[in-house]
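Shared between the two complexes below is subunit A, which has subunit B as its partner in the first and subunit C in the second.
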Partner chain A sequence: MASLLKRRAPCPGSVERRRGRAAYVFLIPWLLGLGLVTAVPLGASLYLAFTDYNILGTPSFTGLDNFERMIGDERFWAASSVTARYVFISVPLQLMFALLLAVMLDRGLRGLPFYRGAFYLPSLLGASVAIVILWREIFGHNGLVNDVLAFVGIEGQSWLQNPSTALSTLIVLNVWTFGSPMVIFLAGLRQIPEEYYEAAKVDGASRIQQFWHITVPMLTPIIFFNLILQTIGSFQTFTQAHVISGGTGGPVDSTLFYTLYVYQQGFRAFDMGYASALAWVLLLVIGAVTALHFILSKFWVFYGDD
Partner chain B sequence: MKNFNRRSFLALTGMGALGATGLMAGCGSGSSGATLRYAWWGNTVRQQNYTRALEEFQEAHPEITVDPEFAEYGAFQERMTTQMAARNVADIFWIASSQVMTYEANGLYRRLDDIPTLDLSDYSDDDIASFSFDGELLTMPHGVFAPVTRFNETFLEEDGVELPGEGWTWDELSEFLIDYAADNPNGRRGASYTPDQDMALEAWLRQRGQDLWTEDGSTGFDAEALGDWFEWWRVLLDEGAVLSLGEQEGMQPDFSAVGDSILLNFGSSNHIIDEAAMFPDYKYRLRSVPVGEGAADGHRFLYFPRLAIYSGIDDDRVEAAGQLVNYNVNNSDFLRTVGLTMGAPPNPRLLQEAYEFASEDEVEMLGVVEAVREEERRPRYEAPPGTGTWREALSRASEGIALGNAGVSETAESLIAEIQSGIDQGA
Partner chain C sequence: MLKHAGLLALLALMIYPLVWMAVSAFKPAHLILTEPGLIPSETTFENFRDGWHALNRPFSVFFLNSLVVTVGAILGNLFSCSLAAYALARLEFRPRRLFFGITLVSVMLPMHVLIVPQYIFFAQLGWVDTYLPLLIPKLLATDAFFIFLMVQFIRGIPRDLDRAAEIDGAGPFRVFWHVILPLMRPALVTTTIFTFIWTWNDFFTPLIYLTSTDMYTVPVALSSMVSSESQQGIGMLFAMSLVSLAPVIVFFVFAQRYLIRGMATSGLK
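Take a look at the complex of A and B:
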């Protein structure tokens, strides 16, 4: 009997091992996806970054040549400049706009679900080809914006064909897709205890003071989360510039986003080695900017347990 | 059901896999027939016409199945790039002009003159030699274009003006366009701003005794000739004779958007067919591009869009592919179905037959091509490897001049340097 009980008693270690194996079986689809769709291409592109590869032939190892070539490549610097301006202008603007609207919607408006849906819609559509084409029509020479300006006696221009305004137009398009961070802000606002505001009111704090001294500090983890997401997404902007400029990055490279330049090098010039090197530089820059955000977050992000 | 254990399941699965493998083998190039992939580009009308023509081919050759692979021009090139990387190119494919020699250098073409089902008897030895690279027939032209100016005859009549005479020069055209834009009562411009129209630029260069590309695969023109070309356009732009970049919404304007505000434009002779159809109320005519004084002998030229058979095709499908290429380039039924949007037929017999069913615009196009074909022409060379983006660079340079970002000489020099750098990279 004693031996029977001994046999039946499950060994805690083996149960955990079995569960662990089962978990890995369920994870196989994801692991396969990660390996075949992400890790293998990532590794291949890292190798190609150090080669001269024109897609049709075989890659030949060239060391750091592709990276050295970037230093003297004017279009690389143009693309970097366009992307940096886009990221550092559009992301803060978009987050400010999203926060402002989230605070307004959080005040218990009638028909809140409708407004929330309506404001969220551009986030779903913003990067779609159809919306970008619509944007091109709105800001074109004979577009809606110029019609409205003409109505008030102002002569318009082709906003997308003027190098001084083309990028700004794309920034406006990005800011317009504020719905996604706005919904996250709304969720964050609901987590702030009402007692804080009540205590502040008792102390005579105005609405603006409440916003700056309660809402913003309590929302900093959410702001940080949105900042990271939107920054990474903005560095990777492609569709808008591709459709607006017909894939050229024009006029005169004023909308030559970094990813568009990578695409031009890889798929138009067949210079896949250089395109891979460019892609890795972008990955490293995004990694560095994200790391910087995390380092700086220690000074301005307040978690509940701080 | 009780007896359906793991062993039964595995046996059943194995039998299923065997069956599927057998079925898939049957779908391939068995003795009963061949399946071919045919890739081309264009607009919706061309997609429909070619799909119908491929169906007619299959009715005439029931042993051959054709899988059509159509895309818009830009998407076609992207797909080709991906397919080339995967070594999975369509069996028969059209070739974008800037990629002809790039593909050749990388062995993408299968030789054509040893395929018994491809009949070359309609072509002269000179024709075959001009289609070949280093004596090997690797691609087959399926159209012929000439550089032209297309003008709106209705506008000329409405505005009561006449173009300079047939032997017009670039200077005469420039003066005419400036006067027309200044004086016409309907506020029309002379032309769209298109210094990046590659065939017009090539005509300009050849008249000066230069070439776009040399036989040994380099740029065949100097900064002075290119700078003069940019200057010719800059004057027109400054004088308001052509549309501004804003008015035409960037380089390479959409003709459907600007066609009713310009008198003429530069282009390939075949464009009249699709673009005249956008404005059925207007009558369009073609005329050869102007000729500079003292133009070099043999400056006229024709461009041949090409198709090829993929070098990776299985040997047992080569004859079927030859039949389809033969149907494409030598059969008048095919031509009647697809129309003449790809220009005049390169086959001299088909060219004459085409007049029987050609529309008024198509007859105009055929006449222009035939006239150039009869003239003496010095050799023309295809774009060398590494020039896949030269037209984008030309557009960017033209854009920069229009926006006053740089002078014409400086732009011409930097453009040539950029193109040459691409060639060096692609070598």
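Take a look at the complex of A and C:
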């Protein structure tokens, strides 16, 4: 700083202009990335969605063929159904756990840093191949879950081989990673003024009444934030589906997540036109669900001053 | 007291699978699925020895590959995101709000929509089976979440500090380098840690771009061990899974404070 002091201050107008031009220099990497890695591929995939293309030849325009094919494609419907069930079951469950634990850990509980850290750890590991490998063995025929069931006298089953339970194992895995929304809830809980609870206590409100009438309304912006974040993330689940089924989405397509199907079409069958069309449908669905969440939020999210 | 008992019980239930995996990794293969409980009647390092060479080359190859990719991604994100964040948070230029809006939207953009054309593009450049498709996007600030995180952080730095330096004649580059960058260290640390964990765990991108076994990162190597799995392979898989989780857990133990603060302020996963 000392060396800076010696310089003469230039007139303000030229500073503003210089700063304006400098901004673009700072943004060079970002602008290049936005163009080459995001915008151009986004446009290209929209174009490819209307073509037949197997990476070796040139794309041939086929109009709406890919989308018509989807309507008759059983695996497309299987993938959509698997993903929808996963998102709409596991996200609310995960957020309920996160909120419940955050409330239990709030307000000067002893050992808070320990609990918070320990509950948070699984959310850092949940999407790793190693943990999904572990999950395969836990829910396998001779796995941990069946051992525990056998101990209490229930005969277990092959959770992963059974098409009606295979997806549930991945829902359990997603709930297991409730730590990251929990930490966000904990930060939100800190923002609620203590006086609200004191006033409620004076009026004789029970803990449960306080939860429903103070905590939940005050936290709705954070609940909304977590809901959006987790919903968008869950729609894109890939690693879990790929590793648990060995890349097949089986048994009987019961773990065929949408992104896994896109991968199979694009990078196994090299049907890149169809894969692009599938991907665009995913983008539109995520966009629509997010927009719907924003519209519905007007009815339940409470922003203090409004 | 009751509350602590409940919390500890839940914690034990959640962490038990991890402990089970850790213990099983040291059991002889035939005991893993037949002998429940945590205290093994026999211990062995066989699983680690066999797993280490299961793909006909030492597992350290994959570790080194993952390390190269992870360190590259960290440097790329720190460089490109801090530059972009400074411009978006501090410099006045016409489309600033528009650009900031674009970063927010691109946080939510599913990568699966981009992957097919990106792959075609990188394939034409001859970059398949190299680390360039994993690293170049990081160098071009495509992890918009970190831009957002850093913008939020820079906004919390008093503007008087910039102004003082400007009055002394410092241009935007000197302000960035001498004033903002040193003050935003906590945001840089958070970015480093999250980039480390996400890149270390990333499976999708390396699965698509890396085709030869010698180039595999740890998650792809692990996954290819699964495909050739047999009953006696579980011990090996557990041993190598444990080894692959170790860096993340070590990072977690030492950087917990930054992780949780970063999560709480920005809501990253």
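Keep this in mind: the second predicted complex is superposed on the first by the 290 of 306 C-alpha atoms of A that agree within 3 Å, B and C clash if a C-alpha of one lies under 4 Å from a C-alpha of the other, contacts with A are read in each partner's own complex, and residues count from 1 in each chain.
Simple rule for what comes next: a contact is a pair of C-beta atoms (placed from the backbone, for glycine too) under 8 Å apart; a residue touches a chain by one contact, two chains touch by 3 or more.
What you see is a predicted model, and the numbers here were worked out from it, not measured in a lab.
Judged by the touch definition given at the top, the superposed model places A:267 against both subunit B and subunit C. In the overlay built on the shared chain, the residue A:246 is in contact with subunit B and with subunit C.
By the touch criterion defined above, A:210 lies against neither subunit B nor subunit C after alignment on the C-alpha atoms of chain A. Considering which of subunit B and subunit C touches more of subunit A, the answer is C. When the two structures are aligned on the shared chain, A:56 is found in touch with subunit B, with no touch to subunit C. By the document's definition of touching, of the two partners only subunit B reaches A:157; subunit C does not. Contact with subunit C, but none with subunit B, is seen for A:24 once the two complexes are overlaid on the shared chain.
Once the two complexes are laid over each other on the shared chain, residue contacts for A:168 go to neither subunit B nor subunit C. Common to the subunit B-facing and subunit C-facing surfaces of subunit A are residues 55, 140, 246-247, 266-267, 272.
Listing the residues of subunit A that touch subunit B in their complex gives 54-57, 140-141, 157-158, 160-163, 245-248, 250-253, 264, 266-272. The residues of subunit A lying in touch with subunit C in their complex are 1, 4-10, 15-16, 18-20, 22-24, 26-30, 32-34, 36-38, 40-42, 44-45, 48, 55, 101, 104-105, 109-111, 115-125, 127-131, 133-138, 140, 142-144, 147, 176, 180, 183-184, 186-187, 225-226, 229-230, 232-233, 235-236, 238-239, 242-243, 246-247, 259, 262-263, 266-267, 272, 275-276, 279-280, 282-283, 286, 290. Note for the complex: subunit B touches subunit A at residues 74, 77-78, 81, 84-85, 102-103, 106-108, 245-247, 249-252, 386, 388-389, 392, 395-396, 399-400, 403, 405, 422, 425-426. Considering their complex, residues 3-4, 6-7, 10-11, 14-18, 20-21, 33-34, 36, 79-80, 83-84, 86-88, 91-94, 96, 99, 102-103, 106, 108-121, 123, 136-137, 139-142, 147, 165-174, 176, 178, 197, 200-201, 203-204, 207-208, 218-220, 222-223, 226-227, 234, 237-238, 240-242, 244-245, 248-249, 252, 256, 259-260, 263-265, 267-269 of subunit C touch subunit A.
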